[in-house]
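Multiple structures are listed underneath, in structure tokens.
One chain, subunit A, appears in both complexes that follow, with subunit B as partner in the first and subunit C in the second.
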Partner chain A sequence: MRLTAILTIAILSLINTSCKDNTSTALPKLGFKKVVDNEEVDHIVKDWSFLNSDSIRVTNKDLSDVVYVSDFFFRSCPTTCPKVAREMKRVYTEFESNPQVKFVSFTLDPKRDSPQKLKEYAANLQVRTDKWWFLHGDKDETYDLTGEYLQIGFEDEDAPGGFDHSGKLILTDKAGHIRSFSEGTDPDETPKLIRDINTLLKEYESKN
Partner chain B sequence: MKRLLIFLCLISLISSCREKSTLEQEVIAVHDEVMPKLGELNKDRKGLQSILKSTTDESIKTELLTAITALEKADDGMMDWMSDWKVPSEPTEQKAYLEKEMIRITKVKTDMLESMKNAKLLKEKHTK
Partner chain C sequence: MEDGVGLAKLIPPLAKSDWLKNNQDKVACIFRYGQKGEVVVNGVTYNQEMPGQKYTEVQITNIINYINNSWGNDFGVVTLKESTVALRNCK
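And then the complex of A and B:
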């Protein structure tokens, strides 16, 4: 009888621990910190302005009320991008009905990926372009932006970035801080990114 | 006899599939080897463009412009190759297509590596 009671308590406590939402652990702010006026400040993605697949100019400021997942891609990429797009779509499907989450894909091949072509690409993926933006802009500007979003997981700023790290899905908060990422080529990492998005959303809920 | 013929046909089909698959992997392996260097190639191009802006020497300008054009052509070559890459569904056409694409992607690789090497040498030469 006593043993049964102890076991029941142990099981209930285990269930309680494993089901408890770990909202108290806030996601870190990633990227290289800067020193401004002798004070260390967190990295914030710099301002950008690109054309969406309807050829309408959009900026990062249009995303200040949502958290968003971004990636760098191009339509003709034969190996990495299709895998990354599949994982991005998985996350998109998870948050499709949640207006607090958006998705942004920047093309690294603006010469071939015109807004019209990006629109066709989105249609093939069967996603809504008001929810998942496919952005077209100046090539150098886009390359510079990879440095802004992909300064994660490196020890120093001179670490090689760009194409070899472009398979990442990057989670950015409303203020432009990078809060989490996953390897878009590894389906096993996607559930963690989904959990992190939920954690970030709860962080905002608790502030309201 | 009929069975032997069917068997031989099957063997030939399997071996042609395997040949296609291996050749395809070899072509993609060349692409995968140099594709991650496109970021570095664009960094090299921007480095030379920055030197170009700060120089007034006409012969250096010509040298830099030639190197920048070579980098841009190599970049375009890779992008064009990826854009065109489509293995034919007709098995009889696959081998010839893949052999042709192996030559093409190898040229892209050489163009990329050589233009990047040259860009680095020029950068070193003109930033001293």
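And then the complex of A and C:
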């Protein structure tokens, strides 16, 4: 009886330690899968095209050599956006010198957040706009895109600021797959997003 | 936001804010109606609109007392009566 007990404990602790080895666990591909030509295909963010804060047209294809963190916001947002901007900046600062990581903020209020205003906003946030893009585009296209990034965003006059939207930071890889996210209003979730970005970057390193 | 230092040049600090210290009469109205235009806090100019919110008199009184006395601030205490009067007279 005693031998069995010792063996069980030994085996259990072995399983325990090998399960804790998370360094080689790849990030999942998030989102609803589609069936294309009878094959299950992971969700890929659909193509988009917006104006950046210099009023130059950019598309998701311009991000195909980087991984990026994105969010949806508007400048006059009273509650979630300041917190989310703060967390996004934390991640930005962490990867400031790494050209493989970029940041993209889409405005949900193109009427009031013109590219010029977004440029001022970026200057006040003290970030480089070649690394952190602030994008302006058609309202419907933007709202549609929130779904592509698994976020929520729509006009709601009862919501503070007039727009109801989620404050998630979404991590997208070079192929347009969503790989991780964090709740932008919770500073305690930011370290995990940073770890996931590093995991994703390692994935590309090991492929070379 | 928990440490009261604001965010870059977007959001001014509340911690040890000279502006907060010297503009106690304006604070309640700002919470309700927001504020536009330039404001200089501790020598730095900020110009980002702050939206107002439909806070109640009680909430505003509590917020003011919280920011007045956190992070080393010692800017006094307001009563519900004082806030209510201030809010009635917002420009």
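Annotations
Heads up, the rule we're going with is that the second predicted complex is superposed on the first by the 170 of 208 C-alpha atoms of A that agree within 3 Å, B and C clash if a C-alpha of one lies under 4 Å from a C-alpha of the other, contacts with A are read in each partner's own complex, and residues count from 1 in each chain.
Keep this in mind: contacts are C-beta pairs under 8 Å (C-beta built on N, C-alpha and C of every residue); 3 or more make two chains touch, one makes a residue touch a chain.
Bear in mind the structure is a predicted one, so any value in this text is a computation, not a measurement.
Legend: residue contacts after superposition of the two complexes on their common chain; A:Leu145 is shown touching neither subunit B nor subunit C.
In the superposition on chain A, A:Asp109 makes contact with subunit B only, not with subunit C. After overlaying the two complexes on the shared chain, residue contacts for A:Val101 are found with neither subunit B nor subunit C.
Contact with subunit C, but none with subunit B, is seen for A:Arg86 once the two complexes are overlaid on the shared chain. Within the superposed three-chain model, A:Ser76 lies in touch with subunit B and with subunit C [touch as defined at top]. By the touch criterion stated above, A:Leu193 is placed in contact with neither subunit B nor subunit C. Contact with subunit C, but none with subunit B, is seen for A:Asn124 once the two complexes are overlaid on the shared chain. When the two complexes are laid over each other on chain A, subunit A has residues 76-79, 160-161 in contact with both subunit B and subunit C. Of all the residues in subunit A, the ones that touch subunit C in their complex are 75-79, 82-83, 85-86, 89, 121, 123-127, 160-161, 187. Contact residues on subunit C toward subunit A in their complex (touch as defined above): 1-2, 7-11, 46-49, 51-53. Within the complex, the subunit A residues that touch subunit B are 74, 76-79, 109, 111-112, 139-140, 143, 146, 160-164, 166. Across the complex, subunit B meets subunit A through its residues 28, 31-32, 35-40, 42-43, 46, 76, 79, 82-83, 85.
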